[in-house]
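Note that the chains take the letters A, B, C and D in the order they are written out, and that residue 1 is the start of every chain.
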Amino acid sequence: MKNSIGTSVILTLAGESHGEAIVAVLDGIAPGIPVNEAFIAEQLAKRRPQGPTDTARREPDDYRIVSGVFNGCTTGAPLTIVIPNVNVRSADYEATHTLARPSHADYTAHVKYGGFEDWRGGGHFSGRITAGIVAAGAIAIDALSRKGIKIGTHILECAGVADAPFEAANPEALGAQLDSIAKLDFPVLSEVREAMEARILEAKADGDSVGGIIQTAVCGLPAGVGEPWFSSIEGELANAIFSIGGIKGVEFGSGFALAGMKGSEANDSFCIEGGEVRTRSNHNGGVNGGISNGMPLIFNAAVKPTPSIAKSQDTIDMDGCNEAVLELKGRHDPAIIRRICIVVSSLTAIVLCDQLALRYGTDWLR
Amino acid sequence: MKNSIGTSVILTLAGESHGEAIVAVLDGIAPGIPVNEAFIAEQLAKRRPQGPTDTARREPDDYRIVSGVFNGCTTGAPLTIVIPNVNVRSADYEATHTLARPSHADYTAHVKYGGFEDWRGGGHFSGRITAGIVAAGAIAIDALSRKGIKIGTHILECAGVADAPFEAANPEALGAQLDSIAKLDFPVLSEVREAMEARILEAKADGDSVGGIIQTAVCGLPAGVGEPWFSSIEGELANAIFSIGGIKGVEFGSGFALAGMKGSEANDSFCIEGGEVRTRSNHNGGVNGGISNGMPLIFNAAVKPTPSIAKSQDTIDMDGCNEAVLELKGRHDPAIIRRICIVVSSLTAIVLCDQLALRYGTDWLR
Amino acid sequence: MKNSIGTSVILTLAGESHGEAIVAVLDGIAPGIPVNEAFIAEQLAKRRPQGPTDTARREPDDYRIVSGVFNGCTTGAPLTIVIPNVNVRSADYEATHTLARPSHADYTAHVKYGGFEDWRGGGHFSGRITAGIVAAGAIAIDALSRKGIKIGTHILECAGVADAPFEAANPEALGAQLDSIAKLDFPVLSEVREAMEARILEAKADGDSVGGIIQTAVCGLPAGVGEPWFSSIEGELANAIFSIGGIKGVEFGSGFALAGMKGSEANDSFCIEGGEVRTRSNHNGGVNGGISNGMPLIFNAAVKPTPSIAKSQDTIDMDGCNEAVLELKGRHDPAIIRRICIVVSSLTAIVLCDQLALRYGTDWLR
Amino acid sequence: MKNSIGTSVILTLAGESHGEAIVAVLDGIAPGIPVNEAFIAEQLAKRRPQGPTDTARREPDDYRIVSGVFNGCTTGAPLTIVIPNVNVRSADYEATHTLARPSHADYTAHVKYGGFEDWRGGGHFSGRITAGIVAAGAIAIDALSRKGIKIGTHILECAGVADAPFEAANPEALGAQLDSIAKLDFPVLSEVREAMEARILEAKADGDSVGGIIQTAVCGLPAGVGEPWFSSIEGELANAIFSIGGIKGVEFGSGFALAGMKGSEANDSFCIEGGEVRTRSNHNGGVNGGISNGMPLIFNAAVKPTPSIAKSQDTIDMDGCNEAVLELKGRHDPAIIRRICIVVSSLTAIVLCDQLALRYGTDWLR
């Protein structure tokens, strides 16, 4: 499979930034799940550019569900979401499209697709495609929440400003944190929004961009989900998350920090709390041997600074294969980290729906 | 798929630590590839425990290829490698097997497999299974090298001691580095072996263990390999690498360090060098938009400290679901980072063989 | 995967008979393939109901390609075709939708989807979905024809009237046959159209329906495509073809007739003709050991009589689980065999594009 | 996937006719299933050549389970079965191996694998590989029988001699038929063994071979299993069955005979019997719209006459690409139809285990 992910619950993505529409097909989702259109709209709004820290391209995201829903519920047949593109300005790309934007997919797409790729606005590589993930993910997030599974992502660090981390070893406290960020369009746990936004605007003023780290948590995932080799919870999620443009690292639990610990510090002791098996710490992010252990699933992802910057850059002209200088036009995000949070939560929800359906059957989610 | 990875070139792993044998089936590898048995043995030797920094379990790894090779070459039919287990001491596990070893897969396996799992020596979750990866990977590494593709992994950091990094933006210098570590059984680029081993032995003496970071590089991979969504080079490799016990983080290029950079620092400018498209820096680790760009592929993986430690630990008894104290017996590695290097290189080679076969056809590798 | 087929070239189908639209996503098709919109329209016309032998539902099939095509060529990114439904009359189904139509999917859908299925016009099980196959298949058929591969299907038998068979062992004569039926909307090789139509109308007048056998041929497929076990050319095609409603049998070459032959009659002797390896007969339908042998690929499929008939039928009411009598309304085909021919050719083309891409790489088809 | 089948329960086959061993890996089978070694041996005996109607090659099939079983039960980890080859006589093939045996896979293997294929005894294409299917299938058949699902295959027709058919529309009578053939090594429902054997021996005496039709039935399969498009019960089974060498046709229920029926004859009316939904006839073989309807699953497969015959045949020499005459040596079956019955039942069981695990979860089978 190429632009599809999943085994029992499968998401397929199609569409280009400046094409007619973004298309997401969510197949295998259990029948009988109420489709909450208001919630989908709300989730799409979180991804949508909104203020001066985001791109000036404003899309209404007037999605339509064209299959798979009947009488307000999923039918079990593939559910197709179409999100038309309306606010496109391809002229921005006309002049420079043979110049490979550094750290973008222009050059690799050119090699892979032999020059036939749709280069307008990044084409099929554009972050715009993630609108399809968010719309499909809204249905998954909503369905999981009815089964007691909560998912959320916040900005752990942006442009050097750090947020408080999730309470990884305390499911109750974490649950409250997830509730608190669920409604935020700038998802942070502590009072860091202003500082982060200031740094983003600073970079923007400078014709530059910034990155950061996001942190995702899942509460309520049963123990015993995942496979030992090649379909580990970590591997399945990492595969999904690395598809999102700009993600260059994924770590579970304490991740790279574990490299500097001793085993006696890093090991998560088991204990019994309220009749439940728990671990006292959660350095493993809720996963042992590729399988969920019932503690919160926790992972971080590194978001590189947006590669589209106003500063002039050295590059090549892909046609003549000459060196060239790029002065970028178009409407770009000085930081995509805020918008990427909901994308990662959405994709996480879809991957977990798949894993749960494989484990417990196709109707479990209903 | 569960214990299998790949689409056109597929690796399937079976076997348990104390079972009869480890089995690896490598399917879809091009016909006509010479099978270099001496090289396979050499690669297995790199994974094998050897000195006081490794476990005392010593396996001869007298593997047998029981299918898929004829007259010294691959036939194109599935190639099966069987590696018998001979040096097993299950008695070490008898007494304590109902006590979940913290940060191991005992508890998650118990929940997933309902108590039917083979708990001897970690069963199917054991690092012993990686012998199958190394044997199959040796064939892949050897075949790729004939196509000009080199792969290697070194210990970038262990127990606080740092090695020099790969020359990520300089393919020629990197090629020399890869050659230099190819024969090493303790793969480091600078004079850090003694310091690292000292720290490992210190931890061992203390009944403890250490972790670290490994760095993998691939030279000679053509541009244009990988898919934009859900089969990105990064996602496919991460999925594979996260299956290896003890890996808790994967980052490409500058990875998490990108989170603190500006776009103008992080972007890799394109240039023409010797008629070839290159980038001046390589913060993206050779991948843009999920697709290889022709520069060296670079990634790091975080290795947590081995969870098997001699110190006593709090845990639970899975039978009665009571709290308990674990005093671990058995033969364990105070650090697995040295041995994991060859496993990661091997798995990387198999994933790339798959991607290359998908891109260029099943016979490309011949 | 569920409503998707293929490994390197993948078709995903979504939509319901009376929903907003039929959606087909064709992923992995090589970039740079000219998209011939007139040919797509022409192929859709062959599937479209047209005279008194077909259903009275008339859909314009005003499809739109909403992704994956740029400047008239495929881009290599997923190609999405949306075909709106306009001529729906769901009221026909309102009254009787709890009565399971015999030999339809109503009851099995009800059990599988728990009553949440879209029952209007057969929902996702409707033959209407095959419009997506034909539109996507037109691109595949057109691309294959540029590589010298021709595909066609004719009605071998309908309601007891037999057509002449394909010249299975004579590639040149077969090529001419394929050319001759390529433009026909009632694809037969001999003068049997009138007789077949007369029998269909007879059945219709009787409130009944008829079935038949269709025969598909592929000329120009290279030898060496397919896999020995579980991805044989026969298995891959059969899996695809059995998805089409009404197909209850698939046989390759002489198929079931081989059961009554001796080995000496059934074996296809090899010979050299014009420097090419051929077989003197073609009882194996161009496939040996699951792999194409370079001779024409030939297979037949049994089409059952359309289950929607006007005659009253015994059945059950799925709500109360009572026995009931069904008097069917709605607009139905007394025979779907004519319309199914183009569907089978289209699906065959997509399966072969996938097999060829796996064998020779993603760009081979360009 | 290539030599693997399944999504949640996956069978992988490796090995060659004259290689060291046949290997079958059965992954994803539920943990806790008792492994009945006597039953496995019994099933293997049914596939084994035995009298003058079979090949003279006699293999003891002393299989070993080298992973995935612990304390007599499946563990949930991949279960590996190794069946050594002992009675090989490769010399029979030395002299003629560049002559393509007509209707065998020699030529297609040669093209596909470029001359690197193991040609001894048909290599990976040999019917010998099916020993792995039967051993793995024995575990699946045994597990399904504990869930009330019975599977069996008989010879419906051989060399012109017809057996009585299964009672497709009468689950109780069918159950008794399945019980009656379960122990037979020559599985027929009526007194036709002698007549069939006589015809087989006649053909053998003549240096020739015969084929036939086999019929498979499954009792007790729940309604609602399968998918509408591309994972229909029919398609999944056909894909599996067509992998078996010699199968050239698969039909469900009345199959090709439906082509000559009217809708009013072919439709299976629903009724309520003993509180259960049933159909009065079973022309659809228990499948509507690709999904099981709760009635017996019934399908036939056409077995071509064994291509290895003693009569001299025209063919080509693959080395020089010259025409040649083949005088075949070696030990061959004048008919494989008896031996193929258990193979088809075994593969059916594995496919159904997969479908049931997908539908109801990985533990359903326990």
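The definition used in the following text is that a contact is a pair of C-beta atoms (placed from the backbone, for glycine too) under 8 Å apart; a residue touches a chain by one contact, two chains touch by 3 or more.
Since the model is a prediction, treat every value here as computed from it, not as a measurement.
Asker: More C-beta pairs touching across which pair, A-D or A-C?
Answerer: It is A-C, judged by the count of C-beta pairs in contact.
Asker: Which chain's C-alpha centroid is most distant from that of chain B?
Answerer: Of all chains, C has its centre farthest from that of chain B.
Asker: Centroid from C-alpha atoms only, then distance chain A to chain D, rounded to Å. What do you get?
Answerer: 45
Asker: How big is the gap, in whole Å, between where the Cα atoms of chain A centre and where those of chain B centre?
Answerer: Between these chains, centre-to-centre, one finds 26 Å.
Asker: Any idea how many Å lie between the Cα centroids of chain A and chain C?
Answerer: Using C-alpha averages as centres, the distance is 38 Å.
Asker: Could you say which residues in chain B touch two or more other chains, in rising order?
Answerer: Touching at least two other chains: 1-4, 7-8, 13, 77, 112, 124, 228.
Asker: Which bits of chain D are touching chain B when the two form their complex?
Answerer: These residues of chain D touch chain B: 1-4, 7-8, 10, 12-16, 19-23, 25, 27-28, 31-32, 64, 66-68, 70-71, 73-80, 82, 112-118, 123-124, 363, 366.
Asker: Where on chain A does chain B make contact in their complex?
Answerer: Per the stated touch rule, the residues are 1-5, 7, 11, 13, 100, 102-109, 111-112, 124-125, 129, 157, 159-160, 203, 206-213, 223-232, 234-236, 238-243, 245, 247-256, 258-272, 277, 279-280, 283-285, 287-294, 300, 302-309, 311, 313-316, 321-323.
Asker: In the complex of these two chains, what residues of chain B are touching chain C?
Answerer: Going by the criterion above, the answer is residues 7-8, 77, 228, 358-362, 364.
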